[in-house]
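Shared between the two complexes below is subunit A, which pairs with subunit B and subunit C, respectively.
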Partner chain A sequence: MTTLEDRRPLRVPEEPPATRRPPRRSVPGKGRTRNVLFALVFLYLIVPPLAALFFSLSAKQYDGLFPQDWTLSHWTGIFDDERLIAAIRRSAVLALGTVALVTLLVLPPLYWAYVRNPKLRTIMLVLALLPFSLPFVVMAFGIDRVAEQVAFLEGYSGTGLMVLIGHVALCFAFYLWPVDAAMSAAGVNRLHEAAQASGAGPVTTLVRCIIPNIMPGLVSGSILVFAISWGEYSIAKIMTRSQYEIVPIWQVNLTPVNGTSDPRGVAVMSVFTFVLFLVVSLIAAIKGTSRVSLDETHPTAAKES
Partner chain B sequence: MTIQLEREEAGRETTGRPSLGGRRLRSFVGDWLPAVPFLVIIGGLLVGAAIWLVQASFRNPLSGEWNLDAWQQAFAAGPLYRGAIVNSLVIALTTATICTVVGTPLAWFIHHLAGRQRAFAVALTNTGANFVGISLAQTFVATLGVAGFATKILSDLGIAWRDGLYQMHGLVALFCYFTLPLYVLLVLPAMSAVKPTWWEAVQVSSGGRWTYWRRVGLPVLFPFILSGWVLTFAWSIGQFSVLDALLSSQGEQFITTRIGGLINAGVVFGDQSQLAAAYSVLLMGISLIALAAYQLLSWRPLQRLKES
Partner chain C sequence: MKSAQTLSMHNLVKRYGDVTALDDVSLDVEEGELVALLGSSGCGKTTLLRGVAGLAQPDAGRIMIGDKDVTHLSTRHRPIGMVFQDYSLFPNMTVEQNIAFPLRVRKADNDAVSRRVGELVELTGLEGKGNRYPNQLSGGQRQRVALARALAPEPAVLLLDEPLSALDAIIRESLRDELRRIQQQVGITALFVTHDQTEALAIADRVAVMSHGRIVECASPLDIYDAPDARFTAEFVGSRNALELPVVDGKVSWEDVFVVDAPAGSGDKVLAVFRSEDVYIVESGGFKAVVDVPIFLGPRTRLHVKALDERLAVDVSSRKAANLGPGSVVQLNVEPSAIRLYPG
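Moving on, here comes the complex of A and B:
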């Protein structure tokens, strides 16, 4: 600052400082430090997916920076890879199934907790902390062994169904929080009373009155659950010993250390996953600025959001 | 456990009402019926899994006899045992600390963005926090791997990196990719606890930037920063997929990869599930303590934040 002033010798002398100095800047939090930090973190977040993109676009040996020869063949090639198509289909079904099952399991009791039985909400919120206190690999191991002891699930051990149940048990918290926040914001109790007074039963009330009013929360929750289920690796790895080949398992199975390798195809899927998450997050952020936003619904909701 | 709790609480609820037994039962069923699938599938599995792991860690899986073998073995000296625990602690502590130091100012700056800029920053942060697991490991191989994008830049700058990605500092660089955004998302709501008027107040009392942060900003934010650190630590120590994808049984060992390895080893080397369960319970214990600390630290400040 002194150098700046030194360069302007003709500047009008400043008034003597008033007793109450006006703030130099409205709030500290703008300026060069901010821009440098933003730039560094932006680079840190954007370079790895870009590097994977360059790698997936390089025709020959890739040894850093920009590819020598560009090709799109690895990107177009994924449509011919039946094994990968099958993995994508499995992943998509699994993620959609997780969203559907989580919705069916969580939405009715949560609604009920608001209108009839508040203790239920406490129990649900406490249970929602469990997936956080238990690392996913630990949970996968435990759920797998418990399921072996349940007669009803006998014979399903190591199948896609078990992976689905595992995903549901781990992901529901990420659905519960935004939906819970949306419900309390929408005033579910009043809506319920109004609907009851008009002669609607609980199911009609939930479907036609509550759900339209908590849509932003439902969308945020579903998107989060979908994203987590899509990228989740440890459950399928531990429960099926990598036999149920969803996209993350496929990616690991095809890395060079594991024999049959297609590193560029793997990079294609990594870039695709990043873009998928970015698009989904952008939609959620734009939608969320008006109503419920992911980062402010619950302190721990952001854990994997 | 939950069912017991339900009964007690439902009982307390209904006894107050002057009603017949049948009516009470109906009211009880009405209170809890929509929650049965949830409580059975999710509650049963999660609680059951935790209980199963605790008992399995004290029990020989073949003979069924109770012992402490796995717990003694878990802490035995050697890179596969105590070394794995130390590695896990080191990587989680380093990652959480770096995230706190970089993430706190970052969250502060993001908090002061507005409109579309803020939406974009939050979206990118969200993406980073979500982008964990195999895809992340692969992009880092393309970035800091032996023939990676940034490895090339580093070697042009005269820094030898080569297989640095597979050592502790490389793994920390990778872990920060998803924990830094996570930390930012965690502490972002807390930034509104620091009121702009306080900055004016500090200036009126002829205090500078340093005084402001030292005496006002950091003390107010401290509980949130600490709870963010704790949760980031717990999240890092439980990571399995990136480590599994990168290391595949070579290089440094961590608690999570040990669990994965022991479960798979069962096929060839006999049932190792007792030791796997012991490591799982150890990890569970660390995470539970961290989570309890988080709740304890953040509850009161959060209430205050909601009130204001």
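Moving on, here comes the complex of A and C:
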């Protein structure tokens, strides 16, 4: 048998790489319309958080767009509130727990559905519609009733665990859809077969070949689930009678309707939450697009042997 | 490199509902041999390959690699390497990481992995591209990475599922030759699926022609092209003229053009098949034909002609055909020894 060192490959002509970006053509008039539309959408989205920010920085009641007297006291004082810190901790644990549980409930079965049992995917997609056909209130009462009647959940009724279950049921679809789209786009079947033919087992295949290639879907789904869980009020309110104080319940407790006196604290938390999610989303978006752009503009991509 | 092993498929059956994709298929591939599975879409060739890979479980039959029965082994436990039609590289891994993947999952040590990856990068002509991602490569380069990845764990059998069909014509031809060179250098047993008869005839030691889930004929490329035993092969491979002719007194004739002996056991009719290059233009003494459409193929021109109430294809050198257009009248003859007869 010859040694590999002696083997010189034939030099064959090569076609150009597949991912060369076509030159972008400017279309007269299109740019301005696009910019105006973009500005309108941006204004629509930015005005509420901006108004909340101004309100949180105002020293007293004001008329018009901007406060007459500015203060940072609401921002500096609010994080000394131990109730708020506890609520933030609960909300973070609840949101992260929801992301983790939904990931466990969706990712392995959906992968299995793609590579082995397509009917399972249909069932999952149908199940994902349930939260939209049932009002949250009904779902929360339903879960609560089940908790009261199932032996192993005895004693958990009205606790954070039940809120977690409610959030998982609520967020299932918002995780399933982006992950499903990412799996479909990545060609999970092909990757699975290639990994199997390379000798990889299902766990190695999922961890090393599938997850890295559906990461944009996983990130989108996780951010959505985290955001929904963080901001969800009604389930915790109904299931725990507001006893399990998470950030939205804390915020509602501070509104004038409840006889308290710090609506600006609510504004601070709203702005804080908005900025938190904005930063996380931007990091995720930049990380996602930077990989794509690296691939498409690699300096040696155009050179051929 | 592990020594190549034989691959044997015995009486394989695979059904999808009412459709029989594999109908009692048996085939032996010798050590270091490359057998091409040739057939049109839906003939079962890819199902057979996927059965060998373990990606489709046969309903009946047995698959042996060497002396080991692998019929019920999962894909990852079979000693195979597979190259897919659409490359199926891992987009998140560089060229080197893709090639190293089968070695990493087998927990090979780092030195062995880098040595083997280096060998394969050189073997497949991918020097300098080890750090690129798949979408920074051309189609041909991607397929070479896929080949290197398939060869990395030194499998006993290499399976190639239409590996060239996604490439354009020039690259396809070059890569085809390179594939053959690598297969012969490595000495690996290979099963190659294609619907392109030129590709199959060029690359394979033997060609297995498939139709309706069965292997119709398996022979050397020359025999498949020049002397096919099966009527389906005769009609499927190459450019052929086929005439249904009566058997009279043990003889088969077409007007005054030829008279040949009918094979023993022929019925009332036979199918007389002869290739387009076995019909030639003569100055005189042939039968008259009128050119319908000339098709320029480079060195040769294929003339579609009407003669004796039949339509024939005739291959002539392009120089000879230079002055022939639609309506031109030519005298033709058929080489009698090239005529093959099949039961009608």
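Please note the rule applied: the second predicted complex is superposed on the first by the 222 of 305 C-alpha atoms of A that agree within 3 Å, B and C clash if a C-alpha of one lies under 4 Å from a C-alpha of the other, contacts with A are read in each partner's own complex, and residues count from 1 in each chain.
Just so it is clear, a residue touches a chain if its C-beta (ideal position, glycine included) is under 8 Å from a C-beta of that chain, and two chains touch if they have at least 3 such contacts.
Quick caveat, the model's predicted, so the values are computed rather than measured.
J.: Where does A:141 make contact in the superposed view: on subunit B (first), on subunit C (second), on both, or on neither?
T.: In the superposition, A:141 contacts subunit B only.
J.: For A:32, is the partner it touches subunit B (first), subunit C (second), both, or none of the two (neither)?
T.: neither
J.: Of the two partner chains, subunit B (first) and subunit C (second), which one does A:165 touch, if any: first, second, both, or neither?
T.: Touch partner of A:165: subunit B, not subunit C.
J.: Can you tell me whether subunit B or subunit C touches more residues on subunit A?
T.: Between subunit B and subunit C, the winner on subunit A residue contacts is B.
J.: Name the contact category of A:284: first (subunit B only), second (subunit C only), both, or neither.
T.: After superposing on A, A:284 lies in contact with subunit B but is clear of subunit C.
J.: Tell me which partner A:213 touches in the superposition: subunit B (first), subunit C (second), both or neither.
T.: A:213 contacts subunit C only, not subunit B.
J.: Give me the intersection of subunit A's contacts with subunit B and its contacts with subunit C, in residue numbers.
T.: On subunit A, the overlap between the subunit B and subunit C contacts is residues 295-296, 300, 304-305.
J.: Can you tell me which positions in subunit C touch subunit A when the two form their complex?
T.: Residues 1, 53-55, 74-77, 80-82, 84, 86, 88-92, 101-102, 105-106, 119-120, 122-125, 128, 132-133, 135-141, 149-150, 152-153, 159, 167-168, 170-171, 174-175, 177-178, 181-182, 185, 187.
J.: Under the stated contact criterion, what part of subunit A meets subunit B in this complex?
T.: Residues 20-21, 23-24, 26-30, 33-34, 37-38, 41-42, 44-45, 47-52, 54-55, 61-65, 104-106, 108-109, 111-113, 116-117, 119-120, 123-124, 127, 129-139, 141-143, 145-147, 149, 165, 168-169, 172, 227-228, 231-234, 237-238, 241, 248, 251-252, 255, 257-258, 266-267, 269-271, 273-274, 277-278, 281-282, 284-286, 288-289, 293-296, 299-300, 302-305.
J.: Using the touch definition from the top, list the residues of subunit B that touch subunit A in their complex.
T.: 2, 5-6, 9-10, 13, 30-32, 34-35, 37-39, 41-43, 45-50, 52-53, 56, 102, 105-106, 108-109, 111-112, 115, 118-120, 122-136, 138-140, 142-143, 147-153, 155, 176-177, 180-182, 185-186, 188-189, 196, 199-200, 203-204, 206, 209, 212-213, 227, 231, 234-235, 237-241, 244-245, 248, 256, 259-260, 263-264, 273, 276-277, 280, 283-284, 287-288, 290-291, 294, 298, 302
J.: Mind listing the subunit A positions that touch subunit C in their complex?
T.: Contact set of subunit A toward subunit C: 1-2, 4-5, 7, 9-19, 186-187, 190-191, 193-201, 204, 208-209, 212-213, 295-296, 298, 300-301, 304-305.
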